[in-house]
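What follows is a short report on a single structure.
Chain lettering (A, B, C and D) follows the sequence in which the chains are written, and residue indices restart at 1 in each chain.
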Amino acid sequence: MVRVAIIGATGYTGLESIEIISRHPQAQVTYLTALPEECGHAEAIFGRLKGKCDMQIEPLDLNKLAKLADVALCCLPHKVSMGFVPKLLDAGVKVIDFSADYRIKDAKLYEKFYSVEHTDTANLEKAAYGLPELFRDEIKGKDLIANPGCYPTGFTLATAPLLKHDLIETDSIINNAVTGASGAGKNPSERFHFPNMNENFFAYGIGTHRHMPEMEQIASTVAGTSVNVLFQPHVGPFDRGILSTVYCQPKRDVTNDKLTKIYEEFYEAESFVQLCTESPSVKDVAGTNYCHVYVTHTKGKIIAFSAIDNLVKGASGQAVQNMNIIFGLDETLGLG
Amino acid sequence: MVRVAIIGATGYTGLESIEIISRHPQAQVTYLTALPEECGHAEAIFGRLKGKCDMQIEPLDLNKLAKLADVALCCLPHKVSMGFVPKLLDAGVKVIDFSADYRIKDAKLYEKFYSVEHTDTANLEKAAYGLPELFRDEIKGKDLIANPGCYPTGFTLATAPLLKHDLIETDSIINNAVTGASGAGKNPSERFHFPNMNENFFAYGIGTHRHMPEMEQIASTVAGTSVNVLFQPHVGPFDRGILSTVYCQPKRDVTNDKLTKIYEEFYEAESFVQLCTESPSVKDVAGTNYCHVYVTHTKGKIIAFSAIDNLVKGASGQAVQNMNIIFGLDETLGLG
Amino acid sequence: MVRVAIIGATGYTGLESIEIISRHPQAQVTYLTALPEECGHAEAIFGRLKGKCDMQIEPLDLNKLAKLADVALCCLPHKVSMGFVPKLLDAGVKVIDFSADYRIKDAKLYEKFYSVEHTDTANLEKAAYGLPELFRDEIKGKDLIANPGCYPTGFTLATAPLLKHDLIETDSIINNAVTGASGAGKNPSERFHFPNMNENFFAYGIGTHRHMPEMEQIASTVAGTSVNVLFQPHVGPFDRGILSTVYCQPKRDVTNDKLTKIYEEFYEAESFVQLCTESPSVKDVAGTNYCHVYVTHTKGKIIAFSAIDNLVKGASGQAVQNMNIIFGLDETLGLG
Amino acid sequence: MVRVAIIGATGYTGLESIEIISRHPQAQVTYLTALPEECGHAEAIFGRLKGKCDMQIEPLDLNKLAKLADVALCCLPHKVSMGFVPKLLDAGVKVIDFSADYRIKDAKLYEKFYSVEHTDTANLEKAAYGLPELFRDEIKGKDLIANPGCYPTGFTLATAPLLKHDLIETDSIINNAVTGASGAGKNPSERFHFPNMNENFFAYGIGTHRHMPEMEQIASTVAGTSVNVLFQPHVGPFDRGILSTVYCQPKRDVTNDKLTKIYEEFYEAESFVQLCTESPSVKDVAGTNYCHVYVTHTKGKIIAFSAIDNLVKGASGQAVQNMNIIFGLDETLGLG
């Protein structure tokens, strides 16, 4: 039994992690922490947990953590996380970090997009980027996993076969993506107030979204050359899911049959990536760890589509997938 | 041209009022006010007004009001309103007040439910309750109209014919109602945060909702005897509309044909009340000043249904209907 | 490993059953059937099953069923089911039937509400009503379980403690309920066309809903006396969940503390029934087998609220709960 | 008073047209027609019209049309429309046609995308393309207006200033658009069944959408050179609105200030096109004839955004705008 601590358990990814682990046959939640002012009984904080999680969410105590847990899912926000992760590692637990703090290998780039000095570059170097379909070997045996961002997960799974096979121009990729409103997190705001968000649809983060450098870094790693991504996110009036529609300029002629074959081979061994024969639908992957992908060629462009659940494959589910890997378990356990 | 000031123009009923008046052939918005910290250009505050309302929303100046307006739609919250209404009246404008402050004739009852002393009982006495279908004659010629609550509007229009004809027991009425989320107003909150409210449905205000005494007062007036209403509101994941499902104990046998005939006669001359042959749907009245009503008899009870738009017939539309009356205009102007 | 056949696998309860069983540690789906014209590969019919269910949905072959399965979840519609259930039983499998055909013990009453002769009264007598929280002992060891209707499940769990303790008048119960739109099933219709159902809310089945006699039968069994229920269903613009708001006339004075205590004791041993301290929310139970209950006393009435997921506790989850019982497994397996 | 006939009044654009004309101060609906099997009283067919439209929807009678109407809004589907339009014109009324039949000037191109021979090329030549912001002068005095498609309206208003000023490469425009579900029309289907469409988001019409040649034709006219558009539509879970996100390759360096200035000048005199300072929101234009536009420059591309209501500016509202023009009325009448 893997003993799991959840650090920052009162947000949406904390709740999702608790729910996933509670169905996991070889893991259990043993310790829940949050900021002192947000602590309380888990079932009082989340109505969904009534009858399922008779535990207090407590302020973090590193000694308790060391005694109670083998791994910490660290659901803290960007910038905050890097203040805690070194302590969690020192307490002797493995860490899967949900923030962006250990994803961008280039600390300068991180600092540019997150407007803060990186205070834990030592661990930054050691962290593996936790996208198992592409970096499984680097994840194995690691103590610190940088769990990918939701948008970069959808983007990378949509385009990796194209990049790997050198099929597209790397300076003209456009990732037009749409997320459900849970991506905004738990704190109420004007934009996500129901009477504003319902029946609404809009773009945001134009030219500035922080997932852009993450996408470019991973895409460049996959392609083996520098990749430029124009990333334009939108929000729609639904809870869960990201649909990525990625427009690429092919380097050379390629048929749809050839594209399909490349994707089939690329993802043949992957449980969680499934190929579609038309546009994926976010509802088909909502609440699951699956990524549905479709690729086609039209009007001189290749369009690659992917759908994931931003809270599962885009956060807590992928974290559990990473946990399964670093503890030598079947990668799909608890994620059926 | 009736010149209209909107006091408290930055909330949902303010916006709705601006939009309705801007389509009104014989009225125009001439003055918009709000708390100093909420002021600004109307088109910057509400994206919906772009190109339609080139006006500043300013802090209230009573001299300006006196010069610019014939009537004030006072969209201030409960308790705040009674601090302003006497001043608005003194400035020489007629007032249609959206708050509960002038609705409950019994100041003691008001004070019990709103936990505050009533500071303007003089005007409380003079105010007419602005439900034109029932109190048109009292509205005419008044300077101060208490615009009804949204739930009481739906409830009263559903049941008035029954009460007027002494068809039901007055001690056992149950009003089970559902509102869309715009009823919660513009301020973000945990409950109405999209990821909580979407795909959700729940009851609230159990035994304590402040619209209960208002319903009972109006129902008692209509019935000519004391009426007791158990009011249970719920919220559903949609923007606009209230469906009221009212369960009544008949005093004597009555057929569905007889019930239908009574309702037809009662509302024959009313433009905005329409009878249905099955349950009304909130979507059919959304964005309109109409109230759809259906009544039937089943399993020993009479069930009366009504549907209104909480922001229109339940607030701004009804206010304009009242405005039309007190200025001697066709009651339906601007409300088509 | 319990081997599970799903008869009528192409509808929403079929899909839900497949998804639940696929997470069940001691059961597996071994046979899927449907009408010939609806057959095909499970993953092609349901995008959600991609990568999870590499099986054909085939026309029913009773010999295959006998060889492949220990139990059949029979997801056929009312009236159709009783034509198949005797054959399924003859094939030697246990049957959990989702239709109403084996729920109403009084065949005459069934025939009145379903307008068809009951053709399998022999098995009707032998079937247990599969609401484990109330009839667990009768379920054990049975070969045929009549899985309860979604509305009756919500209603019965909300009111059973009141009926059992003889606290309420049995001739004046009003069950005002709201379901999500998945309750309408998979076939497109005008009413449930997105542009009609979205942003809408209405009542239906006024005085005629077929779940009314089922509620009355079970309530009468629980109360030990004839119970009369006025049931009024509504539909709201969300996928999953039923909120039941049940108004009851108390027989005698009872405090909220006393009510709470009675409910706590009644459901103390029940994993899937959880008491709330305010109105339950359908979102808290969506996707789960839980029922959240709240009871209170106001204005001379007792109001009992319950929330369930209509497709889980109201259908497929409860079926798996029944399956666990008749196979001697932990009742909560696969339903975490 | 302009007397308006609506041909094909039982669909969503028919209803929308009736509602708009009923608020129009100088026009009135005088004749409503539909296929014989869809006829009936307007208020029985559309609950929204109760109390507003005491008229029968009748099978088309050309003599009646000639007597009763000055203009016909022809809301028939593609291919059907060109069978009726010549007769409507012969009856002496002006025609505003909602179908694609008179939009594509190249009959061969029409035939390729619509898979049917064009049977009215004579009138095709005479029709004006009814996008007033670009073709106002050609619309004036015409008897037949081809009302633009919803997507082409959004696309063209987003990009016209760029095309007119020769600012972008004309062979690499990508129009990524999202529509609300009302775009699918009134007939129920699996895809738009509420339990499928709700909480869903997907792409469709990949490489094949019929609005693509319309966009290219209009864009080419505006640019004065052949324009190539990759158009990728999506559907989201909301009723109304289209957000277009258009990615363009600039021909030369251009600043955001310059872009903004160009758009401001281009749309200075246009009531219904409003510039935003961030992404437009579909909710801000829902139910209105407005188009909100935003343009910016990022990562080497120009992105132009527009939001319209697909049923208003994308259909019935634009038709009324065209009607106002051809009858010499103030263009904004009835569209406030």
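The rule is simple: a contact is a pair of C-beta atoms (placed from the backbone, for glycine too) under 8 Å apart; a residue touches a chain by one contact, two chains touch by 3 or more.
Not measured: the values here are computed from a predicted model.
Trainee: What's the farthest chain from chain A if centres are computed as the mean of the Cα atoms?
Mentor: B
Trainee: Weigh B-D against C-D on C-beta contact pairs and write down the one with more.
Mentor: Spelling it out, more C-beta pairs touch across C-D than across the other pair.
Trainee: Taking each chain's centre as its mean C-alpha position, how far apart are chain A and chain D in Å?
Mentor: Distance between chain centres: 39 Å.
Trainee: What whole-Å value do you get for the distance between chain B and chain D if each is reduced to the mean of its CA atoms?
Mentor: Each chain's C-alpha centroid was found; their separation is 36 Å.
Trainee: Could you tell me the distance, in whole angstrom, between the mean C-alpha positions of chain C and chain D?
Mentor: Roughly 46 Å separates the two chain centres.
Trainee: What are the residues of chain D that contact at least two other chains?
Mentor: Within chain D, residues 198-199, 237-239, 280-281, 283 contact more than one other chain.
Trainee: Within their complex, state which residues of chain D touch chain C.
Mentor: Residues 12, 181-182, 184, 186-190, 192-195, 197-199, 237-239.
Trainee: What part of chain B is in contact with chain C in the complex they form?
Mentor: 174, 176, 178, 180, 196, 198-204, 206-207, 228, 230, 232, 234, 236-241, 243, 245, 247, 278-283, 286, 296, 298-301, 303, 305, 307
Trainee: Which of the residues in chain B come into contact with chain D in the complex?
Mentor: Touch list, chain B to chain D: 22-23, 25, 47-48, 50-52, 199, 271-272, 274, 276, 280-281, 283-285, 287-288, 290, 292, 336.
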